[in-house]
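The structures considered in this document are given below.
Both of the next two complexes hold chain A, though its partner changes from chain B to chain C.
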Partner chain A sequence: MAAYLTQLVVLGILVGGLYALAAFGLSVIFGVSRVLNVAHGDLLLLGALLSYGLFFGIGMNPFVTMLVVIPVFLVFGFAIERSLVRPISNRSPHELLISSVLLTLGVSMVISDISAWATGAADKGIAYSLPSMQIGGLIFPSIRLIIMGVIIVFTLALSFYLKNSYVGRAMRAITQDREGAMIVGVNIPRVSMITFGIGTATAALAGSFYIMLFTTNPYLGIPLTVKYLAIIVLGGLGSLPGALVGGIALGVAEQLAGFYYGGRWQEPVAFILLILILLIRPQGLFGRAAA
Partner chain B sequence: MRIRTLSSLIIGAMLLATAVALTTPQIASAQSEIHLGATLAESGPFASAVGPFRKFYNAWVDDVNKQGGIYVKSAGKKLPLRFTLYDDKSDQKTSVKFYEKLVTDDKVDFLIGPFSSPLTFAASTVAEKHKVPMILGCANDPAIFTRGYDYIFATLETALKWAEPYLDMVKEEGKAKTIAFLTMDILNSRGITAGAIPAAEERGLKVVANEIAPPNATDFSPIIAKFKALNPDIVWVSSFDAFSSTFIKQAKELDLTPREFHVTHPTAGFFKSLGNDANYVTGDVIWHETMTFNGQDYFKRLVKATGLDYFAYPWMPCFMWTFQMAEWAIDKAGSLDRETLKKVLERAEFESISGPVKVRTYEYRGQKMKNIASIPMFPMQFVNVDQRQVHMLMPKQYRNGPHIYPTPPWRERK
Partner chain C sequence: MKRLALAAGALVLVYLAALPLVSRNTYLLASILILFIHIVLAQSYDIVGGHLGYLNLGHTTFFGLGTYVFSILIIRDHSPLVGAAAAVAAAILLALLMSYPFFRLRGAYFALATLGVILLFNRLAFNLEGLTQGTAGISLPPKDSLMQSYYLGFALTLGMLATSLAIARSRFGLALRTIREDEQVAETFGVNSYYYKAAALTLSGIFPSLMGCIFAWWQKYIHPDSTFGLEIALFPVAMAMLGGTGTIFGPLVGAVFLTGVEDLIWANVKVEYGKLTAYGVVLVLVAIVMPQGMIRTRWFRRPLRFLGLEEASV
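Moving on to the complex of A and B:
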């Protein structure tokens, strides 16, 4: 029994890494732009579809597709911010939140319907597998290990960028004190645009991995967004370490809930966990308490 | 006086004519055409199984009309066929909405049911409410038929008997001793498992697990961990494509290797997601090209006209049965009157491309089902997906290759 539980924890950590990657983008966008991107799950879906198209269309290795997905969706994110988000960005925080939800909900519906029309509504998955590794009785699925490795590298790179680059410092400044950042001359619209690009590329990268492990369909967006929202609230809004810990906590909780209580409890456990954490620590695991 | 009498007579005749018009059942199309209607899952989760089948409906209508239509005795001639089809998006509410439209707005003569038990369960309420006969193809969960509805008529045998042909084979071979079930929490899948579990036990198999997961489940690791601990000979998955393909993919990742995987609805989405990892998986189909029942050439002609790949869309036959049943019923009824069609369909007995269809009401495993029919499942096995090689397994007269059991473990496969 201990061996199976250890296996489940390992698997939970591996799948939690994927959740965290997807949640990063949502957290970063909200932290800097104060935009709640309800279409985040749909951006993941688009990344998955691009990988799917490259795999079946030209036989590209699914891991190599991320080299195409990242730059394409970086630019796509720039375009979304510039054309849709910037016009509403000067509103009061409350109005901005509501407007962003409605706007991105519309984007979600458009993406969902266009992808259903363009690619068909049937579920899609990539027939790609690698032999798993077995170490001391524990199985480490190779694809999930590679994905985790990419996530770690990506996270370290992103953290380095946020810490050491001007844009990264500007992003953190805006997250901490928007007005203060404006006063010291930070170009908030430009930084928001870059942030949206990074967030969108992160979601799409997660989609490339998602379609290797699971299947996708055009209607997956909103349920995924809700899950990632739960993760970033759990971890603390705007906190990258929080998103990582939240993702892994959720991944492990899902595994254990499914094992002990059955498959029906894997989905609701995200929200049960969220409620429990918020009752004890309303700002989330790594968020700052309100003054 | 005479004028008053004449006026009274005219008014009386008008009232009588009005009363007759209001109480006589309407023949919706006024016998200038046969107008049928249905919804189809052109989008949504079921689209992978039946999404492009509008082409199949169109091929049928074109084929019928090329021959002048279907003979209707009450009209004294062949009438052309018209079909109205809406996309139900694999959604119950949408399906109900469009069936209401088909009846109240489009005024079809009778209906053909949607794909899948969940949608049929909802849509059949429209047929019953409006007293419009509905012929069902791919729908056989007992929950649909235990409501005692008078206006729905199956072609398939009940889902409670789905597993029996496969389990009969397993019993005869005598190799497998244990079985674990994973069920997608949806009508039809639940009905299949509800019948499969007692059927397995009756045939000497020990049921070691019975897990259920929601339709949108994506991570089966906990269930796979449980199954690994139990080491069943057979893992039976009652579900549709995305669910079963994701499960098998993760089973390979986590090295779950029963002696056999069995899935209930293997279609294009299943083997496209898995590729050769689908090899050796057994499943259930509803037709095979070696069958010699009535209508084989007709079916093949329609499939050719659609340009669809039968290997990717093995649920085409259940739509063909509804076409055959519709033509049979119109011929037997001799009219498009709904009550006459209903009486005929209650006693329907004809030969479809997959075998005899006999509509009857009977009780099985404590469930009394009205107007269920008789076409069973035919177990098969994927042998080489890349080469589209499939072995039909049961009934024996259609077997075209051996049942490969046990399945080679994942680590031994190329």
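Moving on to the complex of A and C:
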């Protein structure tokens, strides 16, 4: 029994890392642009679709698709920010809220619909098999291990970027104190654009992995976004370790719920967890003041 | 000029009230009933979304809750009145339960968290099969109820509009709008924000819940996706924002407009995809160009001012 549980927990951790990646993109966009990107889940699905297309279209190795997905979606993110988010960025907080919800909701709808039209509403997945590894009685699916490995490397790189590069420090500065950042000369619109690109690219990257593990359909976008919000709330805004912990917590909780209560209870776990966290500790594990 | 407006309004009301008695056109009656549902959903959403400034994207949870509580009691042979009373009680309970955890969040967090609520209820409606019969949905005993539902819906809509007006003109509404502008300052003025937020949410939940009962009574069949689905969840929000969030009758304008478009255009254009894209594009355009809504634009303000009804578009 204990071995079984450990197996589930390990699986949960591996999946959780994936969630954490996408959640981090959402968190960083919100911290810098003050826009909660309802379309984030749809961006993930687009990344998944691109990966799918490359795999089935030209037979690219699913892991290699990462090299295409990241730059494409970096640019895509720049474009979205520049064309759609920039015009609303100078409004009062309440108007910005209304505008950003409407805007990203609209974008989400457009993405869902166009993907459904272009590729069909049926579920899609990449069935890419690698032999599993067995370590001391526990089975590790190799795919998940590799994905976890890539995510760890990526997270370390991102963390390094945030700490040491100018843009990274600017991003953190803006998240902590917007006016202060302006005073010291940070070009907020430009950093905002770059952040959106990074956020979109991480979501798409997570998507290209997602489609190796699960199936996707064009209408999963908004529930996914809510899931990532749950992770951010759990971990605390703007905190990279927080997103990681939150993601892993959700991954493990999902696996356990699925095992004890049945597969159809996996999805509501995120929503229930969100409500619980709001009741118990609304600023999250690593968050600062109340959200 | 105000008398002109009131006379025109009275004419409309008489027309709507007499319609079922003189017309055999059930399609028209059904369309208007749907319009009533949309108006109530949009206006009730705006109590919290517009006046209080908290975007409750999960607003239709109250609606779905009403349909299910009502239906579950009906198929267990309770009277519709008991069903409706229970639906209202359930809505009040939900609002109070939601207040504590959710009103601690601000802005976008609140919006997305409430979206989580409707998604949660959607899944619960599917999963709790013993209670809700899951994907099979609940079928109510057949009975021709269009006329009854129409008049009930009409009455509820009038009640909703009167309530919207009352809230906007009252100290209650003033408190809500103060909280929207700056919650901390409101508190220093002695506005107990927690109480007002909870009260606003509860009030906003009662109307959709009753409308849910009427919907179930009319349709005779409910299903997790037709009641807790994501598309209808976002409809009231889109209608309220398109029409003019935070105004007295902005959501009414938005509801009439979108329902009209839905009925006149989409009923005739049969495409499998494209409708969602159109909505999405409209939302994006509204967000960038017209976030204040239709009722605050010149095209509405001038006639309203002429009619002496300018306060409707504040």
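Everything that follows uses one rule, which is that the second predicted complex is superposed on the first by the 289 of 291 C-alpha atoms of A that agree within 3 Å, B and C clash if a C-alpha of one lies under 4 Å from a C-alpha of the other, contacts with A are read in each partner's own complex, and residues count from 1 in each chain.
Basically, a contact is a pair of C-beta atoms (placed from the backbone, for glycine too) under 8 Å apart; a residue touches a chain by one contact, two chains touch by 3 or more.
Please read all numbers here as calculations on a predicted model, not as lab measurements.
**Q** Look at where chain B and chain C land on chain A after superposing the complexes, then choose clash or fit.
**A** On the superposed model, which is not a single observed complex, chain B and chain C fit side by side.
**Q** Just to be sure I read the superposition right, which of the two partners does A:R264 touch: chain B = first, chain C = second, or both, or neither?
**A** In the superposed model, A:R264 contacts both chain B and chain C.
**Q** Rounded to the nearest 10 degrees, how wide is the angle at the Cα centre of chain A between the Cα centres of chain B and chain C?
**A** Seen from the centre of chain A, the opening angle is 60 degrees.
**Q** Once chain A of both complexes is superposed, is A:I58 in touch with chain B (first), chain C (second), both, or neither?
**A** neither
**Q** Specify the partner with more touching residues on chain A, choosing between chain B and chain C.
**A** Partner touching more chain A residues in the overlay: C.
**Q** Is A:A116 touching anything from chain B or chain C once the two structures are fitted on A? First, second, both or neither.
**A** Both partners.
**Q** Let me test your reading of the model: by the given contact rule, A:I272 touches which partner, first (chain B), second (chain C), both or neither?
**A** A:I272: touches chain C, not chain B.
**Q** In the overlay, answer first, second, both or neither for which of chain B and chain C A:L213 touches.
**A** In the superposed model, A:L213 contacts chain B only, not chain C.
**Q** On the A-aligned overlay, A:P223 touches which partner chain: chain B = first, chain C = second, or both, or neither?
**A** both
**Q** With both complexes superposed on chain A, which partner does A:P93 reach: first (chain B), second (chain C), both or neither?
**A** A:P93 sits against chain C, while chain B stays out of touch.
**Q** Once you lay one complex on the other using chain A, what is the shortest C-alpha distance from chain B to chain C, in Å?
**A** Minimum over all C-alpha pairs: 5 Å.
**Q** Can you give me the overlap between the chain B contact set and the chain C contact set on chain A?
**A** Chain A residues touching both partners: 116, 219, 223, 264, 267.
**Q** Which chain B residues qualify as touching chain A in the complex?
**A** Residues 42-45, 47-48, 51, 89-90, 185, 211-214, 216-223, 225-226, 228-229, 241-242, 245-246, 249-250, 252-255, 268-269, 272-277, 411.
**Q** State the interface residues of chain C toward chain A in the complex, per the touch definition above.
**A** It comes out as residues 53, 55, 57, 100-102, 104-109, 111-113, 115-117, 119-120, 123-124, 126-127, 180-181, 230, 234, 237-238, 241, 245, 272-277, 279-288, 291.
**Q** Would you mind writing out the residues of chain A in touch with chain C in their complex?
**A** On the chain A side, the touching residues are 30, 34-36, 38, 84, 87-88, 91, 93-95, 97-103, 105-114, 116-117, 219, 222-223, 225-226, 229-230, 233, 264-265, 267-268, 270-272, 274-275, 278-279, 282, 290-291.
**Q** For the complex, give me every residue of chain A touching chain B.
**A** Residue positions touching the partner: 4, 7-8, 11-12, 15, 116, 120-127, 129, 131-132, 134, 139, 141, 143-144, 213-215, 217-219, 223, 254-259, 262-264, 266-267.
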